[in-house]
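What follows is a set of structures for review.
In what follows, subunit A forms one complex with subunit B and a second complex with subunit C.
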Partner chain A sequence: MKIFIDPPNSLVLFDLVERFGHEPLSAMAAIQERVDNIEIDMPPMNVTLDDVVKGLKYAGVEVPSGVRGRLAVWGPMIEEAEAAIVMDECPYSFGCVGCERSNLMVKYLLKRRGIPVLHVDYPEDDAQATDLVARIKEFLEGLQ
Partner chain B sequence: MTIKIAQLSCGTEYSSVQYEIDKAARSVGAKIVYPDVSASEIDEAVRRFGFTPRSNQLKLMIARAVRLADGKYDADAVFITTCFRCAEGALVRNELRRFIQENTRLPVVTYSFTERLKASQLLTRMEALVTIVTRKELLARERQTGITVGLDSGSSTTKAVVMENNKIIGKDWTPSGDVVKSATTVLENALKMAGVEMKQVEAIGTTGYGRFTLGEHFGAKLVQEELTVNSKGAVWLADRQRGEATIIDIGGMDNKAITVRDGVPDNFTMGGICAGASGRFLEMTSRRLKIEVTELGKLADQGNWRNAKMNSYCSVFGIQDLVTTLGEGKRFEDVAAAACHSVAEQVYEQQLQEIDVRRPIIQVGGTSLISGLVTAVGEVLGERPIVPPDSQYIGAVGGALLSSGML
Partner chain C sequence: MSEERETRLFMISPRSMLTPDQLVRMVHAFGEEAIVKETCYGCLVEGPRSKVLEIRDKVREDHPNEVFTKCRAYPCSDPRRCRAQHGTRPGFAQLEEEWALLARIQRGLEAVDKGAKPSPREERKKLSVNEFKRICEVQE
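On to the complex of A and B.
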């Protein structure tokens, strides 16, 4: 199944989803597609003006461009997803947690989709990390 | 009967605008009310809604919306408003609008305000909310009966329509000047075309900016804001009186985007402080190209907007773009197409985000006769809008149709 991960560029969540036999939907894939295959030059992410305009599908023009640009990349993945794993209370060095408005909107869009969503907290020690992996494993194995 | 408009808002009391909101509501016979919630309900309501803003007042907004959705608070309409340029506020405002529409049948309007907000800016919106609530039976009317007249006093043009037994038998329009003189001229011409004398007219309905003046002058039976009147006119002309539709009216001074269910608006936006996103910009463009605005559409249909990019948010900078592209030797056809595309794109970016576009899309108003603009709107929305016959007469037709319900 297609699993959206939040933060969308979390390598840990990406690896766990793939390891347990599902397809992670991540920012890495979306950005790589732009960097490798599209003949545009808008470094570093190749997010173009057209993308930001497309982000209007998710948020009005009054919402800052950075939010709309993020949602333009993540929104289609949320629409495609069949389930999601969300890491709450991430430290700033873990994945893309740069824009709180975008993060709030991602969680809201996932809720609107009505797909199964597993919320996990960022682990503080080894025991919590082990528990985190166990919970994700259980969630992913339980998906039909 | 006082209509209760539930206000869901953040920031109004610290922006010096709450008095103006109350004043606008009072002037149309409505009262602003606030759904009661207890502090202990807020967290659960926010959890249920699914968006957790940092601002506590936005959380309170959500809790109030949930009360309305659960039918635990009695209101007739909903006004959702937040500060202009607050990202969190804008996100919550739009999603709450969707939530209210999905969970209630209450008409809803959204607005982002600045400290300069005046009651007059809200008047048409508040009046429309009240009309939708108080004139449900009238708005359900699908056939015109008897001989009635509709007068639409718009910012750019004044229109008159004479209808008899559900048919248009006379019509005329003229550029707006003196409100009464313009209306008198078009009314006389429409009556002449219809072969009808004034004494035979059973009812008059007025709408548009000059509706109150005309209503008083002609003794109109119906004086009503243009949001509900235009909606009725549009669905009648397009023969889409049942089911859902979106009506887009790009006017000379402001634009309207209205979603309707069985011809009755349930959500609408009005905008257009900026002339760059209105018919006025196309008039300026045609003047610069030294052609009539009526020729602009056909010219645009022969061009490609991508060859002459114009994407300014303001008519002044838009004209600068125009001068620059013409100076570069671009084809007039491409420039005309770019001007149409620029207006369509801005209407999309600034207004159509505030509503959920429902199919079919009906484009009306004088600018719907500019085919290049209809093409551009179709490109931006992914579906060519329906342009009904006499699409510039929506307000007058709506006035004639609804006033026959007052006989």
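On to the complex of A and C.
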């Protein structure tokens, strides 16, 4: 099954989803399409007119361009997904490389789609990490 | 996802005794037609998708819980990303953060292999009206 991961470029989630036999939908694959097929200077920093139009489907024109740009890449993946895993409170999904508004929009879009979504917390110690792995394994095996 | 080219990032868990050099030698020894580039955290492997996935499976067979992988959008040594060619290398802050987390995930995977189950979560209950009133009064 196709699993959307949030953060969409997370190494841990990408690896775990593949390890337990599913196909992760990640930002890397979406950006690779733009690197290989469309000759734009530096995706995802630079976008095409199509991306801007796609972004408008998920967020209004008054929303900051960073949110709309992110959703132009992530939105089609959310539509394609059959299930999703969301890691809450990731330190790197907020700040210079992240955007909290985009994260909230992603959670809203996932809820609106009505697909099975697993929310896990960013692990702070070994016990929480074990719980995270076990929870993800149980969720992914339950989808088969 | 592109069928022609896949670039994959292999990252070694900090709890592992494997070094990037050993990992690269191991991947070379598989004899697959792929470009392998050693990095500080492990290596990058680039080639046709089927070959790269074969390499991934072989690496997982030898080091099941120590090496983690994800695909990468840009090819190896792309001047827009490669630091050797004065690329910007955005995203490295996240990789560094996740590298630190891999030690815990490795331990988690080992525990799950031994049969660890997820701990039951406390169900969120609705707040009673009296409790809500008490909170409101405290905040005044």
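What we mean here is this: the second predicted complex is superposed on the first by the 132 of 144 C-alpha atoms of A that agree within 3 Å, B and C clash if a C-alpha of one lies under 4 Å from a C-alpha of the other, contacts with A are read in each partner's own complex, and residues count from 1 in each chain.
In the analysis below, a contact is a pair of C-beta atoms (placed from the backbone, for glycine too) under 8 Å apart; a residue touches a chain by one contact, two chains touch by 3 or more.
Fair warning: this is a prediction, and the values are worked out from it, not measured in the lab.
Colleague: Do subunit B and subunit C fit side by side on subunit A in the superposed arrangement, or is it a clash?
Modeller: fit
Colleague: Could you look at A:K107 and tell me whether it touches subunit B, subunit C, both or neither (first, second, both, neither)?
Modeller: The answer is first: A:K107 touches subunit B but not subunit C.
Colleague: For A:A59, select first, second, both or neither according to whether it touches subunit B, subunit C, the two together, or no partner.
Modeller: first
Colleague: Could you tell me if A:N46 is touching subunit B, subunit C, both of them or neither one (first, second, both, neither)?
Modeller: neither
Colleague: Mind working out whether A:D15 is in touch with subunit B, subunit C, both or neither, as first, second, both or neither?
Modeller: Only subunit C is touched by A:D15; subunit B is not.
Colleague: Among the partners subunit B and subunit C, which is in contact with a greater number of residues of subunit A?
Modeller: C
Colleague: Which holds for A:E138: it touches subunit B only (first), subunit C only (second), both, or neither?
Modeller: second
Colleague: Mind working out whether A:V67 is in touch with subunit B, subunit C, both or neither, as first, second, both or neither?
Modeller: A:V67 sits against subunit B, while subunit C stays out of touch.
Colleague: Quick check on the superposed model: minimum Cα to Cα separation from subunit B to subunit C, whole Å please.
Modeller: Here the least C-alpha separation of subunit B and subunit C stands at 6 Å.
Colleague: Quick check on the complex: what are the subunit A residues that touch subunit C?
Modeller: Where subunit A meets subunit C, its residues are 9-12, 14-16, 18-19, 26-29, 31-36, 41-43, 91-92, 96-97, 123, 125-126, 128-135, 137-138.
Colleague: So in the complex, which bits of subunit A are touching subunit B?
Modeller: It comes out as residues 53, 56, 59-64, 67, 100-101, 104-105, 107-108, 111-112.
Colleague: Can you list the subunit C residues touching subunit A in their complex?
Modeller: Listed in rising order, the residues of subunit C that touch subunit A are 1-2, 4-5, 7, 9, 11, 60, 68-75, 78, 80, 90-91, 93-95, 97-98, 101-102, 104-105, 107-109, 111-112, 116-119.
Colleague: Which bits of subunit B are touching subunit A when the two form their complex?
Modeller: 50-54, 84-88, 90-91, 94-95, 112, 345, 348-350, 353-354
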